[in-house]
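Structures are listed in the sections that come next.
You will see chain A twice below: alongside chain B first, and alongside chain C after that.
For the complex of A and B:
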C-alpha cells in the first residue's frame, strides 16, 4: 500500500509546485508590491505601507471604473439570465428545426470576444445609425459608443449578444433534468402555463440558476476584451473597467505597485460578491 | 404523448436567431465587397467577390503564422490538460480522507475566484525572468491555470465511479499509474469531452495572456494579431473584415462539423 501512496503523491506534487510557482507565488508577490512604490521598470523601490490603498480610495479614476464595472456587470447578469432562460424554454418546446436553432444560438460562444467586439464596433459606427436615421430619431442615428453617457449600454449589448449562448446551453441542460411526470401531473390539475413555470420549471432549475448567476456576474466583473475592442475605455474614461484600468495603469502608466493594490481590492470584492451570491442563491435552493 | 409543432414559439425562435446571424452576415458581406459597393449599400449582397481582400489580409497579418501558433498552443494545451489535470484530480478524489489531498483540493478550486488581474503584473515579471514569455511558457500557464476549474469537475466525476473496479486491478497487480491509465482514464471520456471543448474554446480565443506575455511578433496568436493590426485597418474596412473572417473561420469550420457533438458534450458534462 505504501507504493500506492507514493504514486498518489507523484501524481499531485509536480502540479502543486507548478501551481504554486505560477499562480500563488505571483499572487503573493502582487500583494507584496502593493505595499511598495515600484513603477515596474526601476531597479529600486521603497516600502510605503498602506499609502497605495489610501490613495486608491480617493482616486476618481478608480472609483469611476468600479461604478462602470458594477452597473455593467449587474445589467448584463440580469439580461443574460432572463434572455437565455427564455431561449432555453423556446428551444426545449416542440419546435421545427430544433437542432439547427440550437446550433445558431450557441454559435456566438465559439467566437473570439475581441473580434466580435471589433465587428460590433463597426456596426455601431456605420450600420445601426442608418436605421436610426430611417426611424427619424436623432438619438439612434449617432454612434452610441461615442456618447459618454450611453457607451456602456453598447458594451452591454455586445456582451449579452455573446453571453447568452453559454447560459442557454446550461439552462437547456437543466430543463432536461426535470422529470416529465411533474408536468403531466400539473396538466391533470389544470395548472396554467404561467403557474407551471413558477411552480415547477423555475424551482427545479434552482441550481442552474445559481451557477448561471455566479458565472455571468464574475464574467461581467472581469470584463476586458470587450472594452479593448469597443471603446478602449472611452469616451473619456466612461467605460474603463477595473481590469482595463489595472492593465493600462500597470503596464503602460508606470503604476505597477499602485495598480497591484487596486488588484488586491478587486480580488477581495470579487470573492465577497461570489460568496454572497452563492450563500443567498443556495439558500433559495434549500427552501424547495 | 405526441404534441404538434408549437408554431408561435418556432417563429419567435427563428426571429431571435436572425439577431445572432445578422452580424455574421454583415461580416461576410463586408469582407467580400470593395469600397464602391459599400458606398451603394452596406446591406446588399456583394456583387463581385473581392478575394483580394483576403490575400491582402493574409499578407498584412502574416495570417498563416498566427494560425499555426494558435493551433499549436491550443492542441498542446488541451492534450496536456486532459492528461495531467485528470490525473491530479484522480489522486485527490481517491484520497479525500487524507488531510494533504483535501487541503490540496480546496487550494486548487479556491483559485477559481482569483481574478487574473491580481497575478497578471507579477506573472509577466516571473515568466520574463525565466525566459518563458513565449509559446512554451504560455502553454504551461494554460495547463497549470486549468487546474482550478478542471480539478473541481474531474474530482466530482471520479468520486461517482465505483471503487471496486480499481480494487480488482490492484489485486491483479496493476500499479496506481497503470490503474489510472487503463481503467479510470477511459471512463472519464464524457467529462473529458466537456473539459476538452471548454479548454479548446477558451485557449483559442484568449486574448489577455498572449497580450501580456508574448513579446515576439512571430509567436502572436490569431486574436492578438487582429489587435495589433487594428490601427492599420482603420481606413480599409473591407480588408479589416476579411481579416476578421479569416480569424474566425477555423473555429467556424470546426463548429460546423462538430456542432452536435460540441453541444451535447457541454450538456452531458454539466448535468452529471
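For the complex of A and C:
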C-alpha cells in the first residue's frame, strides 16, 4: 500500500511544482505588481497602495471593455451551444458518410485562430461587401468590422464558426454515452422525436451541457486572438476585450502595474462567474 | 463534474487569466549565453542587432553580411521580430537589452531611454556627423540634453499623389489648405476619389493627424499641456475640423479598408492622393511598377510658408548600457554610419539620411527636396503623446461619430488619466 502511495506522489508532485512555478507564482507576482507603479521595464518602482484599483473604477475604457466582453461571451456561448448540439444530433443520426461529415465539421478547430481571423478579415473587407452590393443593400456592402456598432457581431460570427467544432465533438461523445435501450423503450411507447429529445437526450447530456457552457463562456471571456486578427480592438475601442486591453495597455502602453490591477479584478470576476455557473448548472444535473 | 472538481476547475480557469500578466518569471539566462566572456584573441564576439523595421530586414541583412566579412572576429546577427517595440519592452523587463538596437524615435524610445538603459552618446565622436536638426529633435523628444542614441535615417510624411491623374484633371500641386480642398473637390466632382483612406487600421489616422496637429499647433503644445496651461478643448478645434473634412473626399467605406488595401488601391489609380509617408512608396510601386508618383508637404494652413514636411527619426541606433562588447558594438554602428552604407540603405528604403553629406536623390521625392534643403522640417506630433493614451483609437472613434466637442474632451480626459496613473 505504501509503495503505491509513493508512486502516486511521484506522479503528482513534479506536476504540482511545475504548475506552481509557471502558473501560481506569476499570478502572485501579478497581484504584487498591482500595488506598485511599475511601468514594466524601469529599474525602480514605488508602492502606491490601492491607487491603481481606484483608477480602474474611474476608467471608462475598462468599463467599455467589460461591456463588450460580456455581451460577446454571452452571445457566443448561447450560439455555440445551440448550433453544436444541433450538428452533433445530426452527425449522430444514421446518415451516409457520417465519419466524413464529422471530419469536415471538426476542421475549423485544427486551424489556428489567428489564421482563421486573417482569412475572415479578408472576406469581410473584400468578398462579403461585393455580395452585399449585388443584393442591393447599403448596409451589407460595407465592411462590418469597420462599423463601431456592428463590428462585434463580425467577431461573434468568426468565433462561433470556429468554436462549434470543439463543442460538437464533446456533444457527440455525450450522445454516444446514452444507452440505446432508452430509445427503444420510447419507440415502443410511441414517443415523438421532439418528446424523445426533451425527455431522454437532453437530460442525459446534462453533464456535457455543463462543461460545454463553462468552456464556451470561459473562452468568450478570455477572447484575445480573434480581436488581434480582426479589428485590433477598433473601430475606436468598440471591440476591445478585457484581455486585449490588459495586453495593449500593459505592454504597449507601458502601464504594467495599472493593468495588473485590472487583471486582478478580472481574476475575481472570472472566479465568481465560473463558480456560479457550475453551481447553477450542476444543480440541474442532480435533479435528474 | 463532482463537487471535488469544482474548486479546481474554477481556480484553473481563473489563474490562467492572471498568469498571462506576470511576465518576467521566465528564464533570464537563455539569451545571455551569446554574451559570455570578453574579447580574447581568436574567439569570435557575437553581437545581437535588434531592429524593428520589417521593411528594412533585407537591406540590413546585406549590411550585416558586409560587416561580418570585413570583421572576421565579430559576428553580428540581426533580430527582427513582429511588434518589435513590445518585444523590446518585455526584454527590458528582463534586463536583457540587445547589444545594438535600431528603432524609431517614438514614445517607447523615450520611456526606455529615460530608464537609463542605453549608452550615452552626448560627447561621442560618432555623433559629430549627424545632422544637427535631428540631434535637436531627439533632445526635444526626451526633454533632456543627453543623447542616448544616434539618428540613422529619417522619414517624411505629407501627401503622395498620382502625377498622371493630376495632369489629366489639369490641377497643380496645392500649397495652402484652401487650394488643397479645392483640388480634392475637383476630383470628387468628376466622380473620382481624392483620397484613399484606410481607417480600419487605426494608426493610419495618425498620418493626417500628425501633419495637422504639428503644423497648426506645433509640438510645444504638448509641453504646455503637461504644464497645464492649455487644453485640447481650447486649442485643437481647427485640427479636428480639418481632420473630419478630409473624410468627405475619401472612397466609400473608409473604415472598412486597411493600409495594405490602400497601398494596392492607390497604386491602381483608385484615388488621386494618398495621405501617407514615404515608407508606403516601395509597397505602392511593388503593386504597380509603372505608376508615376510625386509628393508634396501637407498643406495644413493657409500660409504656404508654414507648411513643413513632417519628418521624424525613422531608425536610430543605440547600444545597451550593460553590453559586454561595447567596443565591437560601436564599431558596428560606425560602420552603418559610413556614407556608402547610408546611401545603400536610403536608396533601398526610400528614407532620408540623418547624417551630413548624403542626400536622397530619388526624383519621386522632388516635392520634399526644397523643404529638406531649407530645414523646413517638423517632428510627428504623436511622438509627444503618451502611447498609453492610444490617440489613434480616439481619432478613429471620432471620425466615425463626428462629434468634435466630445473628441476634444476625450483627448483631455485621457491625457489627464494617463498622467494621474504615473
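The definition used in the following text is that the second predicted complex is superposed on the first by the 270 of 288 C-alpha atoms of A that agree within 3 Å, B and C clash if a C-alpha of one lies under 4 Å from a C-alpha of the other, contacts with A are read in each partner's own complex, and residues count from 1 in each chain.
Rule of thumb we're sticking to: a contact is a pair of C-beta atoms (placed from the backbone, for glycine too) under 8 Å apart; a residue touches a chain by one contact, two chains touch by 3 or more.
Quantities reported herein were computed from a predicted structural model and do not represent experimental measurements.
By the touch criterion defined above, A:199 reaches neither chain B nor chain C. Legend: residue contacts after superposition of the two complexes on their common chain; A:222 is shown touching both chain B and chain C.
In the superposed model, A:260 lies in contact with both chain B and chain C. Of the two partner chains placed by the overlay, only chain B lies in contact with A:113; chain C stays clear of it. Once chain A of one complex is fitted onto chain A of the other, the partner contacts of A:37 are limited to chain C, with no touch recorded for chain B. In the superposition on chain A, contact of A:232 is made with chain C only, not with chain B. Contacts of A:15 after superposition: chain B is touched, whereas chain C is not reached. Shared-chain residue A:186: touches no atom of chain B or chain C.
Looking at chain A, you'll find residues 21-27, 29-30, 33, 40, 126, 218, 222, 243, 246-247, 250-251, 256, 259-260, 263-264, 266-267, 270-271, 274 touch chain B in one structure and chain C in the other.
The touching residues of chain C, when paired with chain A in their complex, are 1, 6, 9-11, 13-25, 85-86, 89-90, 92-93, 108, 111-112, 115-117, 199-202, 252-258, 261, 386-390, 393-394, 396-398, 400-401, 417-418, 420-422. Across the complex, chain C is touched by residues 21-31, 33, 37, 39-43, 51-52, 55, 58-59, 124-126, 129, 141-143, 145-148, 207, 210-211, 214, 218, 222, 231-238, 243, 246-256, 258-260, 263-264, 266-267, 270-271, 274-275, 278-279, 282, 285 of chain A. Listed in rising order, the residues of chain A touching chain B in the complex are 3-4, 7-9, 11-12, 15-16, 18-19, 21-27, 29-30, 33, 40, 87, 90-91, 93-97, 99, 101-116, 118-120, 122-123, 126-127, 130, 161, 169-170, 172-173, 176-177, 184, 218, 221-222, 224-225, 228-229, 242-243, 246-247, 250-251, 256, 259-260, 263-264, 266-267, 270-271, 274. Interface of chain B with chain A (complex): residues 1, 3-6, 9-10, 12-14, 16-17, 19-21, 23-24, 26-27, 30, 42-43, 84-85, 87-88, 90-92, 94-95, 101, 104, 107-108, 111, 113-127, 140-141, 144-145, 147, 170, 175-177, 180, 201, 204-205, 207-208, 212, 222-223, 226-227, 230, 237, 240-241, 244, 247-248, 251-252, 254-255, 259-260, 262-263, 266-267, 270-271.
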